[in-house]
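Take a look at these structures.
Next, two complexes with chain A in common: one pairs it with chain B, the other with chain C.
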Partner chain A sequence: MIYEGKQKIWADYQKEIPDDHYFYVRSCIRQSFFPASEATFLDITRNRLGKDIFETEHHTTCGGIAYHSDTIPQETVMTIIARQFALMAKNGYENYVCSCITSFGLYCETMETWREFPELEAKIRENLWKTCKLDFAKPKFLIHASDLVYKYRNLIAKQAVHKLVNVHTGQPLRVVEHIGCHYSKMFPSKGVGGAEYPYVLVGMIEAWGGEIVDYPERRHCCGFGFRQYFIKGNRGYSISNTHKKFESMEPFHPDFIITNCPGCPYFMDRWQYVIAESTGKTYGKDGHGIPVLTYEEVAGLVMGYDPWDLGLQTHQVGVEPLLDKMGIEYDPEKKYLGKGGKDIGQPEPCICMK
Partner chain B sequence: MVDFGFGLVPSSRINLDLFDKQKYEELASVEPDVRKCMSCGSCTAVCTAGNFVTTSLREAIESIHNGQPGKALEMLGSCQLCGKCAMVCPRGINTRHLILSINKIYGKI
Partner chain C sequence: MVMGRLYDLLMKDYRLREGLNACINCGTCTAVCPAAEFYRYDPRRIVDIVQSKDEEEIEKLLRSDTIWYCGECMSCVTRCPRKNAAGLIIMALRNLSIELGYFIESEKGRQQFLLTKDLCSNVLDYGYCVYPRRFDYAGHPEAGRVWEWEEKHLDDVFERLGGNLDGPGPGAMRRIPQEDRDQLKAIFDETGATERMEKVRAAGLKKAAELGMTEEEFSRMVYFTSDPKHLNH
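Let's turn to the complex of A and B:
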């Protein structure tokens, strides 16, 4: 093997990620699925790492859900996106970071379409002025929030309170990483490691002391697939996708799953419950499921945040076995208490899954 | 167990190693036209039996290629040999003869 040659090839799979000064946009569905993840991202980057991450209450959805469900035309979506970019420029930023993988894929698609069809870009420029009276702008760097956490992974590791290590055995935790399809499968050059070797989550896990699990269906879709889930008659296909992944990873006994997409953690988490309650099958040890976490939640656990402040009680699969392995102290009594000790209610107990 | 109104769908995975090349060559020697099929589905579109039961010559030929001859025989079991498919086939395949040959070779009639 010629080492320099390999280095040169790997360099083609890298992505330039600026160190600081970002305009941040949130995700519609992550805020309802795992509401503390985005707050954790902002707290870590701003308060723990001292970075300049700006967000405005004026930004909206990217229109991705409607676009992928074929309910609005592409030009409408592009105008919405142009408005987001214009807000970034208006606030004096040129680096754009988004929380959602669907949005990230759509932004990449839109930028590529504008590059390919300049006349369409001119039309959107006109639409933006007519509808919002805003000047058209494009970001210099388009980044996903997981790219940024990947960039800061070593800084986070320096402040680590807990490592991804089983404190009882001293062995690294076995982690399944799952990349959102729209992160790098659509535009491989826009993701760290491309579509062949996505490294964004692997880099985090390795930096924080964990061990990556390789399994046959590693790059299989989580099963969300928009219309496969939205239409109830098609949900069998959605859950079957997830089932295929879990059957494939089960023999490797992963301790948890890390994801960087809004849909993936939701479906891999909730479908474990549905599979358990409809077939009796569970994939974790002793009737438990395999916890599925977002990268912000994992970063938060590593940096010593309280699990319930990270919103881990909103996951269907209980995270307590993982917390015990990592040696993280938690108060079970406070699991379902929100801010100011307010009772946020408890889900009905599961029949088959602990 | 809880009924959610949906559930796991059976796997559609196929194993191409199960394709019986020897039998297929036997079929092709009797009925060379089998190689002409381009899976356009015209035969299935006009199939009288296909309106009531799962009869599809297109799918039967696909099943043979996918190493599922049992499924192919099941598909053709309710064929009435009316010949409408032969009339619409753009490749001019003698579909009735082909169906009989598939039944003879794969069904060991």
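Let's turn to the complex of A and C:
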């Protein structure tokens, strides 16, 4: 086949994603703030689609947040990563799938640096043996968990209970997709669709019936900035960037936002709350915010999971307007109940944001 | 100052060797940079200074607030027409600033005192960079009323959502076995992270003493202070 023009460019950004047999590593932020998202990913892939996704309790953080906050040397983070790779090989896997975008970017950076500087890879191998008596093999395929859901998007669509369609109007839901910066901004060829036109989330939305919203600041960072959030005096950086994105998307009236980075949904959800409570401004209709979901949560809604099993009650921006549009039934009385219906109270109400 | 000393030290960092090719000073990195909009920050200028090998200017950078403004989002990498990576150059500058002890001289640089203490202890104590029991609502009011509620009922919330907070075996926020955390400590010791932690802590405590502050007073100042001079408007 002869590729021309845009076809050729597009072909450069296709990514081979194996169908099955993955070693899974979790994300520090996703586990902390969206534990149900990781549970849903594993339930969909293992139990609904019958895939082999293996997890060991012995894996740890990749160290990425500490590294990008400049608190540990590059050699340290690379040796931690090598240890993760060693666990993959030890358990008989070649395909590596990670939940975190910071991790994904860092794995790409590490593999690329080792390719350019083989002596560094040799040093890391030596470090790992000296400290852990482990040897590592590099993954044959390095995949982000959103790549895998993208790969399975049509299988998920076949099992869909709900579509990304407004049941009251019959129109597709209007969706903002926000890609984590470290997914493909550093290594465009490692992400589905590259950095300019990443397709990983767009593909899911299209397959599940929604419509993508384009807006000027679509590729702008959510504003995490590592040290720019962890230190309280720096947090103006973080909220300012989220604010910029929301001001830019507001005129396009998105129904919700889908994200593939674990940090972005936290910041875009929580900073909307702060903007609302400090200025009275909300970006959804009638005092509501714009719900910000992980791709696992969106897949779960499409497949008919209960919204409260997906953890949507732990978002500060209420998701009920979205559930109503999709025609999803839910019990408001059960929103904040613990396991087995245990009463564990509920959050205090917001002043401005519904 | 021996000519080229700092530049040579920077060039030992793989990130600089990867990140600095031939900057043409077009300013695309600055145009797209989230930090440059918020802070008085110009990554184009930083790359140009490093490329110039001007020791005096590089030393000024290493002692300045400027190199600490970047959020390491790496948006600059995508857009540079010459495949430079201003974000990686910043990481190399920060690394050298810490190695030489210059970081403690600037308001933003000395934030490493808290960042290193908090993030490294999370990694060594729990095996995670972020650990929910150490993410308190009082310190993070923007986490919302929902996090205030979650914090009070963390075990119940994790149980409800299929997590395994501090539990055995696999799962979200499981207790990572001691043997694995021991391996992380061994990696820290072997690869310079422990030495880095000690160096940053010693520099912070020395600075606190110079300012006549206790560690707690110094920590509070570092955590809360942000001089408006940093801002772009």
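The rule we apply is simple: the second predicted complex is superposed on the first by the 346 of 354 C-alpha atoms of A that agree within 3 Å, B and C clash if a C-alpha of one lies under 4 Å from a C-alpha of the other, contacts with A are read in each partner's own complex, and residues count from 1 in each chain.
Simple rule for what comes next: a contact is a pair of C-beta atoms (placed from the backbone, for glycine too) under 8 Å apart; a residue touches a chain by one contact, two chains touch by 3 or more.
Values in this document were obtained by computation on a predicted structure and should not be read as measured data.
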item	value
When chain B and chain C are modelled together on chain A, clash or fit	fit
Which superposed partner A:Lys339 touches (first chain B, second chain C, both, neither)	second
Chain B versus chain C as contact partner of A:Phe226, first or second or both or neither	second
Which superposed partner A:Ala36 touches (first chain B, second chain C, both, neither)	second
Which of chain B and chain C A:His243 touches, first, second, both or neither	first
Per-residue contact with chain A, leading partner among chain C and chain B	C
First (chain B), second (chain C), both or neither touched by A:His68	second
Partner chain in contact with A:Ile80 - chain B first, chain C second, else both or neither	second
Which superposed partner A:Gln159 touches (first chain B, second chain C, both, neither)	neither
Contacts of A:Ser189 with chain B and chain C, given as first, second, both or neither	neither
First (chain B), second (chain C), both or neither touched by A:Gly280	first
Chain C versus chain B - closest C-alpha approach in the superposed model, Å	5
On chain A, the residue positions that both chain B and chain C contact, one per complex	232-233, 235-237, 239-240, 244, 274
Chain A-facing residues of chain B, complex	1-9, 11
Footprint of chain B on chain A - complex, ascending	232-233, 235-237, 239-240, 243-244, 274-275, 277-280, 351
Chain C to chain A touching residues, read off their complex	13-15, 17-18, 34-35, 37-39, 68, 70-75, 77-78, 85, 91, 94-95, 98, 108, 111-112, 114-116, 118-120, 122-123, 127-132, 135, 139, 142-150, 152-153, 156-163, 168-174, 176-177, 179-181, 183-184, 186-193, 196-197, 200, 222-226, 231
Contact set on chain A toward chain C in their complex	26, 28-33, 35-36, 38-39, 55-61, 63-66, 68-76, 79-80, 83, 105, 112-113, 116-117, 120, 127-128, 130-132, 181-182, 185-186, 188, 195-196, 219-221, 223-228, 230-237, 239-241, 244, 269-271, 273-274, 309, 311, 313-316, 336-339, 342, 344-350
